[in-house]
Structure formats: C-alpha cells, structure tokens
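Before we start, here is the structure in question, set down as structure tokens.
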Amino acid sequence: MKYVDEFRDAALARGIAAAIAREAATGRPYHLMEFCGGHTHAVSRYGIPDLLPDNVRMIHGPGCPVCVLPVGRIDDAIAIARQPGVILCTYGDVLRVPGSGRVSLLKAKAGGADVRMVLSTMDALRIAEENPDREVVFFAIGFETTTPPTAVAVHAARAKGLRNFSVFCNHVLTPAAIRGIMDSPEVRDLGTLALDGVVGPAHVSVVIGSRPYEFVAETYGKPVVIAGFEPLDVLQAILMLIRQVNEGRAVVENQFTRAVTPEGNWKAQRLVADTFDVRSGFEWRGLGSLPDSGLRLKEEFATFDAERRFAVPGRAVPDHKGCECGDILRGVKKPSDCKLFGTVCTPENPMGSCMVSAEGGCAAHYTYGRFRDHRLAVS
Amino acid sequence: MKYVDEFRDAALARGIAAAIAREAATGRPYHLMEFCGGHTHAVSRYGIPDLLPDNVRMIHGPGCPVCVLPVGRIDDAIAIARQPGVILCTYGDVLRVPGSGRVSLLKAKAGGADVRMVLSTMDALRIAEENPDREVVFFAIGFETTTPPTAVAVHAARAKGLRNFSVFCNHVLTPAAIRGIMDSPEVRDLGTLALDGVVGPAHVSVVIGSRPYEFVAETYGKPVVIAGFEPLDVLQAILMLIRQVNEGRAVVENQFTRAVTPEGNWKAQRLVADTFDVRSGFEWRGLGSLPDSGLRLKEEFATFDAERRFAVPGRAVPDHKGCECGDILRGVKKPSDCKLFGTVCTPENPMGSCMVSAEGGCAAHYTYGRFRDHRLAVS
Amino acid sequence: MTDRRLFTRKLDLARGAVDMSHGSGGKAMAQLVRELFAAAFANPLLDQGNDQAAFDPPAGRMVVTTDGFVVSPLFFPGGDIGSLAVHGTVNDVAMAGAVPLYLTAGFILEEGFPLADLKRLVESMAHAAREAGVSIVTGDTKVVERGKGDGVFITTTGIGVVPPGVAPSGERARPGDAILVSGTMGDHGVAIMSTRENLSFETDIRSDSAALHGLVAGMVAAVPDVHVLRDPTRGGLATTLNEIAHQSGVGMLLREAAIPLKAEVAAACELLGLDPLYVANEGKLIAICAAEDAEPLLAAMRAHPLGAEAAFIGTVVEDSHRFVQMETRFGGKRIVDWLSGEQLPRIC
Amino acid sequence: MTDRRLFTRKLDLARGAVDMSHGSGGKAMAQLVRELFAAAFANPLLDQGNDQAAFDPPAGRMVVTTDGFVVSPLFFPGGDIGSLAVHGTVNDVAMAGAVPLYLTAGFILEEGFPLADLKRLVESMAHAAREAGVSIVTGDTKVVERGKGDGVFITTTGIGVVPPGVAPSGERARPGDAILVSGTMGDHGVAIMSTRENLSFETDIRSDSAALHGLVAGMVAAVPDVHVLRDPTRGGLATTLNEIAHQSGVGMLLREAAIPLKAEVAAACELLGLDPLYVANEGKLIAICAAEDAEPLLAAMRAHPLGAEAAFIGTVVEDSHRFVQMETRFGGKRIVDWLSGEQLPRIC
Amino acid sequence: MCLAVPARVIELLDDDRATVSLGGVKVACSLALVEGVAVGDYVIVHVGYALSKLDPEEAERTLALLAETGTGTGALPPAA
Amino acid sequence: MCLAVPARVIELLDDDRATVSLGGVKVACSLALVEGVAVGDYVIVHVGYALSKLDPEEAERTLALLAETGTGTGALPPAA
C-alpha cells in the first residue's frame, strides 16, 4: 500500500527513536498530548511507548468523537431508533457505546429496533430511497473530517426530493475542544495537567487546514505539530515537539504536508458553512458544555433535521458511576487510574465510551497496552 | 364424543348393511349420488363400499366447494395475495388448489405472499385489527353452511369501523348445483348418468332446511334423503333411498332430524339475505355458469368487497389439460376413469381441485380407496 | 486462573438477550458457552473445551443420527425444544436397538432472544440428557440477525452402540410379521396444536416427549431379532408405516380398533378435521417382529412404563403396491396413505 | 418397485421452491430427500434410508464434532455454505489429528428458497465430501416459514478416528513451544466481506475454504506429538490463540512480520479499519509443538499444497496473565487480545 | 369444507360467545347465528360458529331406528 | 472515527464518483468534496468520500526527512 507501508517502516522508526532519545536527554520531562483518537490508536497499536524514553510521556486527548458524545445523546439516538417505522443508520463505531442502563444501539437492535451500520452517508441515502415507507435517520457523529460527507448527503436528499431522510446531528468542532483543555483548571490553575505540546489532528486538518490551531501557540503558548496517523508520522511529530520545547518555541508546525495545507479544503468548508450553524453550546463528555463547539442543520434544512422531526428525551445524563472517562478525555487521568479498568470495565462490558471505540484511551490501552501495567507491577 | 361415536358403531352398521342387502336384492341397480363432499369423505374413509352390495353404486356429486371453484377464481385470489401490503386469509382447504401454471396459494406464500390459514372468520377479523397498516382480505368460499359466518364478519367489521378488511366472495348455492346436474344432457337427454336418488346435504340443510330440495323430487322425480355426515347416517340414508326407489316414491326425507328442520336456521338465513345479493350467474367447475348460483356482497357493503377494492385478472381459465374434474363433479366419470389419476395426478401433485380437498372425489378415492382398483384388476 | 479474570461481568441471564457478538467467535461467545452451555452440560469430554470430543470406541456396531429441531412454540405442554432435541435424537439412536452414549448440540440463536429463555431450555436439555444417561460432549453456537431465525433452532447428533445380534432396520419387515406400537398416538402433535394462536383450544393433553432407549433395551433383551423399530414422529404412524412398507417392499393391514388413542386426542382431531394417525409422536415407537415374537415383545414393552399401553395393531402382508390398509372400526377397509402436504408445520 | 411409482412427478429442481410440505415428514419431504439429498450424497450407509447410520467402529480413539453454518451470502468467492459445511467440520475432526470418516448433515430450509440454489449447494457439499473422502451417512431436513430463517442453515457433525500416539489438544501448549500457521490469514473473511452489499469492494481474494485432514495426516506422520492443532475460524488467529493460551495457562509472543498475509487482504482490512488477525479462515490451521519439532513439522506442512506458505510465527511463553503479545513490524510490542464484540457477522 | 361437530355448551361468554366441549376438548365459539342457547345444550359448530342446536330427542329416535332397522323391525322416518 | 486511507484513482465514474484502489482492492468513492481529480492521483478517502488529493512530492520530502533524521542530519520541516 503506497503511502501507507513506507510510514510503518521499522528501520526508519529505530532512527527516529534514536533521535528522540538523543534530543530528549535533557533531564526534563516532556508531556505531549496526542489530541486525536487516531493518534491514540497508532501509539498503542504499534507499541510506540516502547520506542520512547521514559521522560517522554504521551497523554491521550479528547479527540475521539465517539468518546466525547455525552450519554444523553446516545439515549436520544436509541429513542429515535425505537420509534415505529424508523431505520437508524450510523457508523459502526458508535453501536456499542452504552447509554443509560448500559443499553447501546446494538442492544436496542437485538431488542427489535432497526439499526444499520453504514460505511458512508451514501449508504444511508440509498436505504432511504429503497424504503420509501420508512423513516431513515442518519445518526451523524464526528469531527470536521466527517462533517462534509453529512452535508453532501443532506444536499443530495434535497435534490432527490427525499422526504423520509433526516440527520440526527452530533458533529463537533476540534478547536473548541482544545480550547476547553487549555482553559481547564487542571492546566490553567492547578497545574495538575502538565502539557508541553500537542500532536494536532491529521484528517481534521485535511479539511480545515492547520491555521485554526494557531491560537494554541499564540494564546496558550504551546507548540502544536499537525501529524499523520501512521506511526512514523507520530514519531516524527514527537521529535518536532521536543525540538520546539528544547528551543523554547511555540508555533504550529505541519508534519502531514502530504495532505494538509494551512487553508485546508475550501470546497468542503464552504459546503459545511452552507449546511450547518454553530450551536451556541454543546455538551462534551469530560469537558462540559463548550461554547461554539457543535453544529446543527440550518433552518433551511429543518425538514432533514431529526431533532425537529422526532421527539427525543434530550436529557443530560451523568456518566456511569465510577467511570473516569471525563478525566481521561481531559488528560488528567490515565486509563489505569480508573478503578474499573480491566476489572468491571472491558471492551465486552464497557462502562464508558472510552472503552468502546478503538480510538478511546481505555480501549486502546486495554486492547494493546495493558501488559505494560503488569510489567510495571512486577518490575 | 357424544353424538359422534354412536353414529360410527360397527355393530349397528352391520345391521343396516344387512337390511340394505336384503332390500336391494331386487335384481336392479341403484345409482345414488351423494351430493356432498362430506358424504364422499365418509363413504371413502369408513370403507362404506365394502358394506354395500354390488348393485348399489355411489356416485360422487359436486358438493365440494373447493372442487367447484373455477381456476380463474384461484388466480384472482393469488393476484390479490400478491399485492403489496395484503394479508390474504382463508380456510386451509383451498391453499393447495392449483391455479394457472399449477401455482397454488401455498406456492404464492412460499414465494413471499402473506397468506394465512384461519379456522374462522373471527381470526381474519382479529388479524385485520392487529395489522391496521395492512390490507386483510378474507378469501371466502363455501356453501350455505359457511356463508353466515362470513356475513357475521362483514357486519362486525362495519360495527368496528375496520377499513382494512374485505372479503373476496366465492360463496355458492347448492340447489342451483343440483338443478345443474338434473338439467345436464347426461341426465336428461343422453341417459349416460343414471340417477336413482340423491343423498342430500347435512350441514347446508342445518342452515337452509330441507325444503329447498323439494324441487328435486317434484320437478325431476328423484328421491332425496338429507343425511348426516357420520357413516351410520349415510348408510341409513342409502337404505331410505332404496326403499323410496323400491316403492316408486320420490320425496324429500330427512335422516338428520337431530339438526335439520324443514325451515332451517331463520336467523342465519336473514343475515345472509341482508348481506349478499345473488349473482345472476356464477361459474362452476364441471357445470359451467349456473344461473342464481353465487353470492356477492350487497352494494351497501361495497367497501368490504375485495372484488371492488382490488384489481383482479377475472379471467376464465380452462381446467388443466387431461383433468376430468368437471366430468367427475357432474358424476359422469369416476376418478379412476381419469388417465392422470394416480400417475400424473396425486395429492402431492394435484392436477385438479378434486385431488386436493379431502372431500374431492379423486382425493378421497386416492387416499382411502384406490386399493379397490387393484383388487378389481386382479380378480 | 479463574473465569472471573477472563469475563469481568457475569452474563445477565435474567434480563439479557442474545446479540450478534454472541456468535462472533470472540469473548462474548466464549462467555455464553462457558457460563451457560458448559455449565449446564458439564462432563469430562465437553469440559476439555476443544472443538471436538475424543473417546474410546465402545465394543459393538455404532450408530450415528442427526435431527434438527425447529418446533414452535419453543415451550409447550410436556416439554420444550431443549428436552425434545435430546429425546428426538436419543430415540433415533434407540431405534437402531442401540444404547445412546453421546450427543452433540448445535444452536442457531436469533438476535434478541432472551437469555432467560435460553437458560431455561438449555437446563431442560441438560436435565433430559442426564435422565437419558447421555453426555452432550461437544457443540456449537451461531447467532443470526433478528428476522433471520426464530428464537432457537437446535440440531443434535447422537452416537450409540448396538448390542450384538440386534439389527432392526426399515427394510426388514416381512409378510406375516406383527406390527406393535408402544402407546397412544398423536399426543405430541395435539399438545403443540393446542398452543397455536390460531387453533388454540384447551386440553389436558401433554406432549409424550420421552427418551425410549430404556424401553428399547428391555425389548431387544426379550427379542433381539426385532425386525424394525421406528419412532412415528413427523407424519405420524401413517407416514412412518408407509416408509417402512416402501423400504421393505411389503403391504400392511392394520386394525383401527386396536390402535391406542386418547379420547381427547381423538376429539381434538375431530374438531380440527385431522386424522390422528398423521399426528406426530415424540415418545412412542413402532416395532415389527416375527409373528411368534409378538407375544414376548409385547410383554417386554408393557413391562416398561413407557410401553404400558403397547398394542398389537396389525400385520405385515404381501403387496406389490406396498399399500398400508386398515380395517376401520366401522367395518370397512381403507388405505392409510402417506401424509401429503402438511398437517401442521413445525411440530419438532 | 421404482421411485416413479411413489413420486409421480419429479421435483422441479429448476424452477421450484421449498414450501412447508417439504418439512412435514410426508411424501413431499421424502421426495426432496430422495431426489436431492440422497441422490447427491449416495453411499451405502445413507442408502439404507433409516433414521440413523450404523457402522463398525474403527480401531483407535474416535472424535466427534459439530458445527452450524449460517454464512451470508450462501454463495461467495471460493465456496458456498455447502462446501463450507463439509470443510468446517472435516477440519474440526482433523484438528484432533484424526482421519475424518463420516458426516451427518441437518438442513433448516426457509420456505420459498429456490430448489435450484438448494441443488447447487447440495451438489457442492457432495463434491466437497467426495474430495475429502468422507461419506454423509445420515441427515435431517426441516422447513421454517418465510421470515423465520435465511435460506439455508446447515449443521454438520463429523466422526473420525485418531492414529495411535496422536493427541493434540488445546491445553497442551507449553512454554518454549513453537507456534506455526499453515498459510496466509484472513482470506475467508475478506472474501465474504467483499460480497456484502454495504461493504462491497472488488478484490481477487477468494475464500480459503478447504479440507485440512490431508495436511494434518502429513503433519502427524512427521510429528505425532504435535501439542495443539486448531483452525482459526471465527475470531481469526488472534482469538484462537487466546483460547489456546487460556486453556493451556500460558502466554504467547508473536512476531507480526512472520505472520503470512496477502497484500490484498491487508489492504482490504486497512480500508475497513479491521485487523486481519481477527478475520476468519476456513482452510488454515495453527500448530503448536515442542521447539525441537518445529523444523520437521514446518517441513511436513510445506510439503503439502495447503501448507506451502506455512510459517513459524511465535513462541509460547510463561505468563500468568495468559497474554498473547506481539512484536509489531514497527518494533513495538502490543497485546493481541480476544476479539471483543463482532468484526463481521455470519462469516461461517 | 362443511366439517362441523356436535359440541356441548359448557359456559356462556360475553360478546355472544360460548365455550363448548367436544370429548373434553374445550374451544370458544360464536353464538351469533343461534338463539336461546343455554349451558348444557349441544350445538353444531362450524368454522367457529354454532349453526344450530342439536335435538337430543331426535338423536335418540334416530339411534333407536338404526337399532331396529338392523333387526328388520324399523319403521321409516317421516318425510321432511 | 477519522480513519482515512490514501488511495489511487483508477477510473472516473459518473455522478462525481471514482473507483479508487488501495493495494489492489478497488472501491467506489465520491469526489463531491474535491476538485480537479484525475486518474492516477492519490486521494485521502474517508467514509466513502475523497477529502483531498495527496501531494506525492510532499510525501517524498517527508520520507527523505525521516531517513535523514534517523542519521541525525535532518533539518526540521518548516512551520505551517
């Protein structure tokens, strides 16, 4: 696979790892947050911690759209799916996330709701066309990467005159989340979350460009490196962040130049702007309600808006008792700090969303990395 | 089972059989038609021919409502069943009757049509109430016995305000069929169908009484004995007919006095009269179109009339080539006269409706009596 | 290392439901197998947890048989699909005159099926197997999407061993042989019918579902040379006798009055227009033996609780047409033909 | 007397469809069994037409195994549910080191299923059985109403005999043992996925569905003391190794670079965000043996066409946590855990 | 198709229905087509509806006649 | 959730769609969000949509840098 395999090369990895070890040998710690779940996944799956010196610590960030979706929105989706005649379509990632009473969309499906996994908004549209007497709802979730395909679908539905298609919109905006972290008491006041730099989103930035992250460097003085999701990309970004830290610089750098420009994809951005309005506030798990952090369909697409078409409970629901997802998403706790991790909470019986998505901090650590906890315990 | 077992008593049967043998020992043959399929079934199932002398010959009549239904009406029912959203309910007897291309309702069901067997019109109504978004059609077939329950259902549907229930009406009238036989060239002109008397309907007469058959005696000079469906009832009726013949009498006698009166069930008759109109003509398999022989829903029940609600092909379709059902229903041929009997045509692969219903002449003979053909062949 | 370590939370057997993950081959499936099936069926062969069970072959001819069970409803008066899946296959083993030893069980579960119901029928299955003295030594579980199955289907395979000198088989009926049945006909089918929504009637009839190997053991001890043994399940006595007549190239002559029938079964059949000779049994057998063996065989049958009402119902005759005929109670004669079409679907 | 006399008209295998009468136990069912199943599977045991097959037990330990097959779609690149139902069960027999002898087959058919499709897959099944040298000796057919099944489900049970001295079993992996696989991973699952309407992608990958007993025969001849044999079907290599680790109470250490993988399988998994180690195989096996047996075992595997790409992929280690770990191609280390949830439903 | 059975009314239900019994098997049936039916009466039941009452005296008369006929002493039943 | 792969465009289809290939596996994807895509281009594909073209020269530059870095000679990439 061209442009994939090259970026997983073990020999090159050893070279970068050596450079990191060399350049990080300053006696100080480096606390680097990988914002994206994609990075979290790459770090765990490829065993990147094994290649890093002990003083370079990776902190999982809130960049997993499945993980940050509050329980109440899952409940809403389940409520829609259970209405007679509804086919609820969504991406596979979200099917196993537990809502209230540990009921997930998968369990609702087993209970009779017509829930279908799709790989693309085009599939949801096709299902709507094939089932004119059913209500097809696309449960849209995702960051800026995933939002333009939803916009395309809404426009296509309007063009086709589909009356049985709507979108339950949960698209959220990454800069708002990073601002949420930076403004959190742990970072600003308590200092309990030491943060020396941020590995910035890859595919989000393909769409919105690198510019929207400049406030991180400018306002908060933290270096950012936009990085691809292959393991060499991540290693290189870590090295670039260490260099900025060592040099006392704080700018936005772009490691993922092969697909990211400062401006991003204007066509996609314009389409999104034409389709959605920014919500004044939207609830993020772990970060609370963040201003200007979520999207909803514009008034002119009201008939395609499932929130206006279906009665949903719309209740704010607290996380499961004992689940530390919120703190883990803010980076203030590690998965293994959670008492439920690996005992009560596992991927088969997730208590929180971080244990569901392959990009959630808890799932990534459990699935790929938990042997390290035991190694530490005996060493 | 009181009022059942007593009428199946073997010792009594031997007594009646002896009386028949004694009284029929006149050197002349007795050709007696059992009009009803119920009698045909009893004759075959209990082995009544084994109890009769050779000169008493039973002729199967047209009294099987499944058998006399023309192929075109089966096709119409299948066409209705195949319309999207339709649930077609009917009695089990008719499910295996082959329509055009040997497609039966059962095959249509296997092909995806929603065809359901019911035991009562009440079940069909319940299905309509339980499925408000489906069209429930009751495929009504049967003689005067079965017509009043259909009428009750139509009135109940109106009372309940059911808008998704209708009746595909194929109810027919027995006196018209008997007249058809009596007027057939074989009886009137050719003399190829010798007929010395008729065993008259039991349960039909429960509803309409014995009086409607008096024309048979009066107009055509043939004795009639209304008889129950238990084997002793049939034997006794045979004896009563032989006595009338021997005495040169031709009247309507009633063997089934425990449930039949001359007048019948006035309540049921009134309800039928209030619900249905007599069709000017209706096609009978074997007998052609008979005047005043079928019923349809009255104008005031038009919304419950499937023939007005659904487009049906309404085509007259000839019987399967080689099938002698028509002649068998008129009594001019025996099942074993059909070249297809037992070779090409069996209950598993019926070519005609007479091979389907347990009351059809061919099915009754095949299922219960075909060993007699072979016994004759070797003796 | 205990299971607790592998499965952090116990299956919710009270309120849970089957979902697709229970058939995925992953940990959810392993847990279902461990906490439900393996717990209920526990025996040394199964406990090994391999994909197959290994055993030393017994002395004697072996028999193997398989049946799928799709009965609807899953729970019925006198049994459920679990006990039926054991009895049905134990009986097909027993009909070879054999002693049943091992069963295998394949489950096809429909997404959404309540685990509480699954537990109930798995435990019923385990109970039936224990009663019959057979071990369920290996199995398999698949899950299909909602609307692609019907709760639970179970396929069981049975393995048994035949005592020396015993070799009943469907082609061994000979003219002159006696035809015996072990008890009343049609109980199972009527019990199932009584539960069907569109038929529902009230009766005390319960399914006769039972394991017949004990009865058979007594029979082959008394008459090792029994010619044919067969359980008249789907299609009832009539169809099963026709099968045998066809296999052996003979005819049969039955006496209707001799065929054991419960009054309520007769009444239910009258009501529905059915012939009880075509109604399914799940705890009855047909035995055909030489005329001179009929007495001792009947005695052996009646000595067993499941054969208390055994009866001599007819005789094998020569007939190139292979007709099964019957003298009716009424004094006439008729054919008792194969079932054609269906009397009632999904009775086993 | 010929069949013609019993069945007056041949089944319409070109245009007919399954209906409820085919499961009723009556003549329609007898005809389906006769003209389709018995014709395709013909062998002396089956031909007897009894409800069970009787055979003389072979010398040696016997194994029995059962699997249900519910794969969707029924026909896929490289096979169909019929051949799969033979291969899958032959392989579970073979994984005991055994020679497969007999199969039983239980069919659950959905009303309306085209007889032409049924014929195609029954013939494929018969072909697969012939190729594998096994006889389908007894079977069963049930029919469920439309919407209560999904075309065809098949449950097969296999019986085989183990050569003396051979006793592979899931609890016999020991620290230091070598872990081998017989070829590339994930082909079957990717072939199935490529046909799914909502995934559909184009690839030349075909299912690896194959009977492995020939390969196994060569292996146990070379190394009778092979410790573990198992086919990594549902849940793939990862889950199967975890099962073994759990059964044996050991850990494992794999080398990602050593695991054979077709480039197209890797690409398809990349596209779908799947891990090929969790994707099903139907013609591959895992073998675990003492370190000193690894060379001759690998040689024996490579000598067979189905083991040409066999590879030594890792080592059994002591680990009270029973973790299966892997050195990634990239140089890091990670756990290779049980499959949790489902990667893709109905692959077998 | 005209299958009907004589069953004993054992309980009157609302909605003009009754439970009837045939040889111990109980089933519900409609009384919409008959009048004046009481518990203990026998009715002829067809497709879930009672079509008429059964007259026990007439039944006895018929059976008596059948018995007599067998011995050659029976008179004919009256013309309808 | 943001999973995306670089795939080569091998055929332009109507409806603003294309067939792309990743390691020999072909799949259809939408071009509704990109402009000026030609056969032979590499695109980043996410949930069935091409999000952008991939710049081969930049990819080469990154790989070159990675190689140099390993030997300690690499310059830093430019600030964005």
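All chains are identified by letter, namely A, B, C, D, E and F, in their written order; residue positions are counted from 1 within each chain.
The criterion applied here is as follows: a contact is a pair of C-beta atoms (placed from the backbone, for glycine too) under 8 Å apart; a residue touches a chain by one contact, two chains touch by 3 or more.
Every value quoted in this text rests on a predicted model; they were computed, and no experiment measured them.
Visitor: Under the document's definition of touching, what chains do chain B and chain E have as common neighbours?
Guide: Under the touch definition, chain B and chain E have C as mutual neighbours.
Visitor: Would you pick out the chains that touch chain B and also touch chain C?
Guide: Looking at chain C and chain B together, the chains touching each of them are D, E.
Visitor: Please flag the chain sitting at the greatest distance from chain C, going by CA centroids.
Guide: Of all the other chains, the one whose centre lies farthest from chain C is F.
Visitor: Taking each chain's centre as the mean of its C-alpha atoms, which one ends up farthest from the centre of chain A?
Guide: So the chain farthest away from chain A turns out to be E.
Visitor: In terms of residue numbering, is the interface formed by chain C and chain D classified as same (over half shared) or different (under half shared)?
Guide: Same-residue interface.
Visitor: If you average the CA atoms of chain A and of chain D, how far apart do the two points sit, in angstrom?
Guide: Inter-chain centre distance comes to 38 Å.
Visitor: Where the CA atoms of chain C average out and where those of chain D average out, how many Å apart are those spots?
Guide: 28
Visitor: I'd like the Å distance between the centres of chain A and chain F, where a centre is the mean of that chain's Cα atoms.
Guide: From the centre of chain A to the centre of chain F is 21 Å.
Visitor: Just how far, in Å, is the C-alpha centre of chain F from the one of chain B?
Guide: Distance between chain centres: 76 Å.
Visitor: I need the residues of chain C touching at least two other chains; which ones are they?
Guide: In chain C, residues 20-21, 26-28, 263, 266-267, 270, 273, 340-341 touch at least two other chains, as defined above.
Visitor: Going through chain A residue by residue, note those that touch at least 2 other chains and give them in order.
Guide: 1, 4, 14, 106, 119, 123, 346, 348
Visitor: Residues of chain E touching 2+ other chains?
Guide: Residues 3, 5, 22-23.
Visitor: Mind listing each pair of touching chains for me?
Guide: A-C, A-D, A-F, B-C, B-D, B-E, C-D, C-E, D-F
Visitor: Which chain A residues qualify as touching chain C in the complex?
Guide: The touching residues are 106-107, 109-112, 342-346, 348-349.
Visitor: Write out the stretch or stretches of chain F touching chain D in their complex.
Guide: On the chain F side, the touching residues are 3, 5, 7, 22-27.
Visitor: Sort out for me which residues of chain D touch chain A in the complex.
Guide: Checking each residue of chain D against chain A gives 198-199, 263, 266-267, 270, 272-273, 321, 323, 325, 327-335, 337, 340-341.
Visitor: Would you tell me which residues of chain D are touching chain B in their complex?
Guide: 7-9, 17-21, 26-28, 31, 111-112, 146
Visitor: Going by the contact rule set out above, which residues of chain F touch chain A in the complex?
Guide: Residue list for chain F touching chain A: 1-6, 8, 22-23, 30, 32-35, 42, 44, 46-49, 51-56, 58-59, 61-63, 65-67, 69-72, 74, 76-80.
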